[in-house]
Amino acid sequence: MSDDGNQATRDYKRNSWWDTRIIDMEPGVIRFSGYPIEELIGNVGFVQMIWLMLRGELPSRGQAELLEAALLAGVDHGPQAPSIGIARMAITCGVGLNNAMASAINTLGDVHGGAGEQAVELFRSIAAAKANGTPLELATREQLAAFTVAHGKFIPGFGHRFHPVDPRAPRLMELVRIAAVDGIVSGQFRDIGLAIESALSDEKRRKRVPMNIDGATAVIYAELGFPAPLARGLFCLSRAVGILAHAWEQQQQGGRNKGPIPRDELPSYSGPPPRPVPDGI
Amino acid sequence: MSDDGNQATRDYKRNSWWDTRIIDMEPGVIRFSGYPIEELIGNVGFVQMIWLMLRGELPSRGQAELLEAALLAGVDHGPQAPSIGIARMAITCGVGLNNAMASAINTLGDVHGGAGEQAVELFRSIAAAKANGTPLELATREQLAAFTVAHGKFIPGFGHRFHPVDPRAPRLMELVRIAAVDGIVSGQFRDIGLAIESALSDEKRRKRVPMNIDGATAVIYAELGFPAPLARGLFCLSRAVGILAHAWEQQQQGGRNKGPIPRDELPSYSGPPPRPVPDGI
Amino acid sequence: MSDDGNQATRDYKRNSWWDTRIIDMEPGVIRFSGYPIEELIGNVGFVQMIWLMLRGELPSRGQAELLEAALLAGVDHGPQAPSIGIARMAITCGVGLNNAMASAINTLGDVHGGAGEQAVELFRSIAAAKANGTPLELATREQLAAFTVAHGKFIPGFGHRFHPVDPRAPRLMELVRIAAVDGIVSGQFRDIGLAIESALSDEKRRKRVPMNIDGATAVIYAELGFPAPLARGLFCLSRAVGILAHAWEQQQQGGRNKGPIPRDELPSYSGPPPRPVPDGI
Amino acid sequence: MSDDGNQATRDYKRNSWWDTRIIDMEPGVIRFSGYPIEELIGNVGFVQMIWLMLRGELPSRGQAELLEAALLAGVDHGPQAPSIGIARMAITCGVGLNNAMASAINTLGDVHGGAGEQAVELFRSIAAAKANGTPLELATREQLAAFTVAHGKFIPGFGHRFHPVDPRAPRLMELVRIAAVDGIVSGQFRDIGLAIESALSDEKRRKRVPMNIDGATAVIYAELGFPAPLARGLFCLSRAVGILAHAWEQQQQGGRNKGPIPRDELPSYSGPPPRPVPDGI
């Protein structure tokens, strides 16, 4: 960026078409929620900064550690995941890392990244029923039934197409248990998560339906008081790390216009047989 | 995600069309660079994880702290920045947080986020000339001249359209100085950054051209041994935080189809005057 | 693209993980719905090709002309529209035309481009009620009431924040009227659109709520038998033209990192006042 | 969109931060290059409108037909192409058609869509040398050599990894030949394209390197006077059709989180073997 005239004395008019509580600036000054940036740098961690930007206040150390664990846990699940596969394919098309990242992050929608958001909503509905006096087990069954009616058979946060037990979930839940013992969080959403796991397994006697990464991070986000949509936003920050790493690795490996299938293969075709274009179309 | 059959005994064929060193998986197992995910969670920080994913090994604590400072410093520069403005506008169009983030991160290109990448390349060219025996001041002038011929008059990392002195840069450079004293980094890129600042100010006698956020983070990324393109990728991870925060805030504020200018204004028009469509077109 | 070995005799295995009815290929051969590409080029128009790709069969000439009118009508609504503003801002960040287009098209969501999709659904619900014997005026009132309960007060396709009468709608509706007279379409959705216009105006006695571009194109897409979600997809193809044109124009005009507000302005700030970062955070 | 107050008498201030020649609006009025939209709808074709938006004037019928052929020819090349594969994968992640389209269009970069842009630049460099008096064959060899030095061994527009002869190119070139005979274009870029084809085949005696879709459409765009970067933009408008069609088809087929490889496969792993996380990290 180049210096452009005598900045320090320029009058800046405040345009209220855009208003924010997040950041304030004047020439030579940047403050986040009132905190000068030069006091934050080197004194506050990146995860604490993420919290400050989203919540307006700094978190306690215990809160930040729990958020840190959730963010770390979701960074990647391999090139067979569509977000990661897309990042790797995009970079071979000659676009920049920022573009490959964007194409991939864009897909963290209702099915691929929104599961955490839906899980937080489900947990909170159970917590609300509990707060109204319904016992946990009954509240869980009732809300699961209502959820299934509204959204279909997939319960967000539980089960996994690939892992019999998702190795990330028990570890995260243990950190929540410890944080509850230490008084950093209440632990009520961990209890709710365990109750859902139990209810789902009751219903499918021959196999368990254990909590997965979306469910475990949703427990953490709910314990920490994040609104449900931010579960998706935070998953995007987390998964962006794996997306960048894989795009970078693919760029180093090379390849041009790399598509989803190997070069000696073609998709199968199930459309009309060869036919001529009619005259006078 | 739903459980889908008896996972533990399924045979997975390895498809070498996609190969990675970053992550390995089998049912129930996820390892990053050989480290089991459940050992990383709660023991390794998010910034250390970012390093592991990009570099293949864990960083030292000092290295992670310097990276943490660089990531924190770049998170946001307000709604007048195109990336942030785009995030805020996008969310009012009824798309998800992941989509608003993607539209915005996509713009962190050569001019808006790529400055850090170019600055790292410039610094490294000066370091290479130094390593060949050219004194720092001469190497700096020569490489600046070569850069200007190749890329034009904007020197990435220096000067700022808004800030007489970018408040983020001196603080970051101080952390580099301390890290060099502690032997965590060499400090040679800080020296190079200061030499460029000096050379640019010599040439424009009436005003200084101080280092900005792109230059200061580029010093850090160069000191930490990151390849130049990853300066852009890391800036994307950093700026994604501000992008998310502003999209979220705008979503809370409401607004529908919010464009760049207030509703009682229109763009100016400088095209042809009104005219009829010709017949027989 | 470079030639890579002896293509004509390479064996291509068909991989059914991806299956399509749209296109089939072998070395030297490309067919769309069975039609060889070299027979389509120069004999079939671009809009007929769009229809073929989406529907699997070629349209009649009258059908193509109506679709053509709808696509033309939606191409642009000026830089104050968020999609167009975003395209213009993005290109000044140093990304390619494809990237500026992508960031913008990405925002054609529920509020900015999805209105056409919702309008088609509304029209079809009224048509279904009519088919069950309910008179048009009653069916219209009932479905409008149900829609408002489900989706809120904004009726997609009607009214406009800027235009007392959207100049695009009457012209499109006239083309539908003529096409119905010519037997190309039934005209029932035009009748439904007029019935909604009438019902909305009845309810707000002091002003009319005329059909807008989303409503008029939705009438056309419904008349032509397109599923509701394709109303959004077709709007994306249409608006992509204006998005490209504005990104290109902005690239010609220049500008670096152009944000939403003029350079002598700042957003207003409504967050906490200046405060120091606490110790021991 | 909803009606919002008494529009017809509202004063709109013109904000020159955004200026355009493309479109002008006042309440009830929309004009493109001075032409009222209601006169364009139904009288001008979609491809003529594309030309008007990009060039500021309407094309002749012959010019529009040639552009139409180029746009039609590039709409799709199957799910093994990264742009198409990405669109199909993205839609299974629960995002909207506009989002799946955006993620895919975003990848039409230097390697996947930019070939046409580079080919136009190459053709124009040969035309400029010819205009300076160099005979066509010599100008072709010289510019090819210069291009290879600057950009590497891939000559954009020629050869194809899959097709021995790209079936789209001869048909497009024939339309150019006819248009030159009819005086609609000069035909000089067709001559240049043939000269490059000849020069490349001379150099690789055992096989031909015929023109591909990027080269043939580049001939058309050059003949029609489009600046080179618009070759990429126009390819984006063209490929957007196939991107939409495949995203729509995949949405109809179903699938959740569909990644690039079949579900019984995993990527190969070539990173470090299992190892424990060190203490005290």
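In this document, chain identifiers A, B, C and D correspond to the written order of the chains, with residue numbering beginning at 1 in each.
The rule is short, and it goes like this: a contact is a pair of C-beta atoms (placed from the backbone, for glycine too) under 8 Å apart; a residue touches a chain by one contact, two chains touch by 3 or more.
Nothing here was measured: the structure is a model prediction, and the numbers come from that model.
Treat touching chains as neighbours: how many steps, at the fewest, connect subunit A to subunit C?
1
Shared interface numbers for subunit B and subunit D above half of all numbers used, same, or below, different?
Here the answer is same, because the shared fraction of interface numbers exceeds one half.
Which chain pair shares more contacting C-beta pairs: C-D, or B-C?
C-D
If you average the CA coordinates per chain, which chain's centre is most distant from that of subunit C?
B
How far is the middle of subunit B from the middle of subunit C, if each middle is the mean of its Cα atoms, in Å?
33
Between subunit B and subunit D, what distance separates the C-alpha centroids? Give it in angstrom.
One centre to the other, that is 29 Å.
Taking each chain's centre as the mean of its CA atoms, how far is subunit C from subunit D in angstrom?
20
Which positions in subunit B touch two or more other chains at once?
Correct list: 1, 15, 17-23, 25, 36, 40, 44, 78-80, 85, 95-96, 98-99, 102-103, 106-110, 113-114, 154, 161, 257, 260-261, 265-267.
Enumerate the contact residues on subunit C facing subunit A in the complex.
Going through subunit C, the ones touching subunit A are 1, 10-26, 31, 33-36, 39-40, 43-44, 48, 56, 58, 61, 95-96, 98-99, 102-103, 106, 257, 260-261, 264-278, 281.
Give the list of subunit B residues in touch with subunit C in this complex.
Interface residues on subunit B, with respect to subunit C: 78-86, 89-90, 92-95, 99-100, 102-104, 106-114, 154, 161, 256-261, 263, 265-267.
Using the touch definition from the top, list the residues of subunit B that touch subunit A in their complex.
Where subunit B meets subunit A, its residues are 1-4, 7-8, 15, 17-23, 25, 27-30, 32, 36-38, 40-42, 44-47, 49-50, 53-54, 65, 68-69, 71-73, 75-80, 85, 88, 96-99, 101-103, 105-110, 113-115, 153-155, 158-165, 167-168, 170-172, 175, 207, 209, 212, 214, 229-230, 232-233, 236-237, 240-242, 244-249, 251, 253, 261-262.
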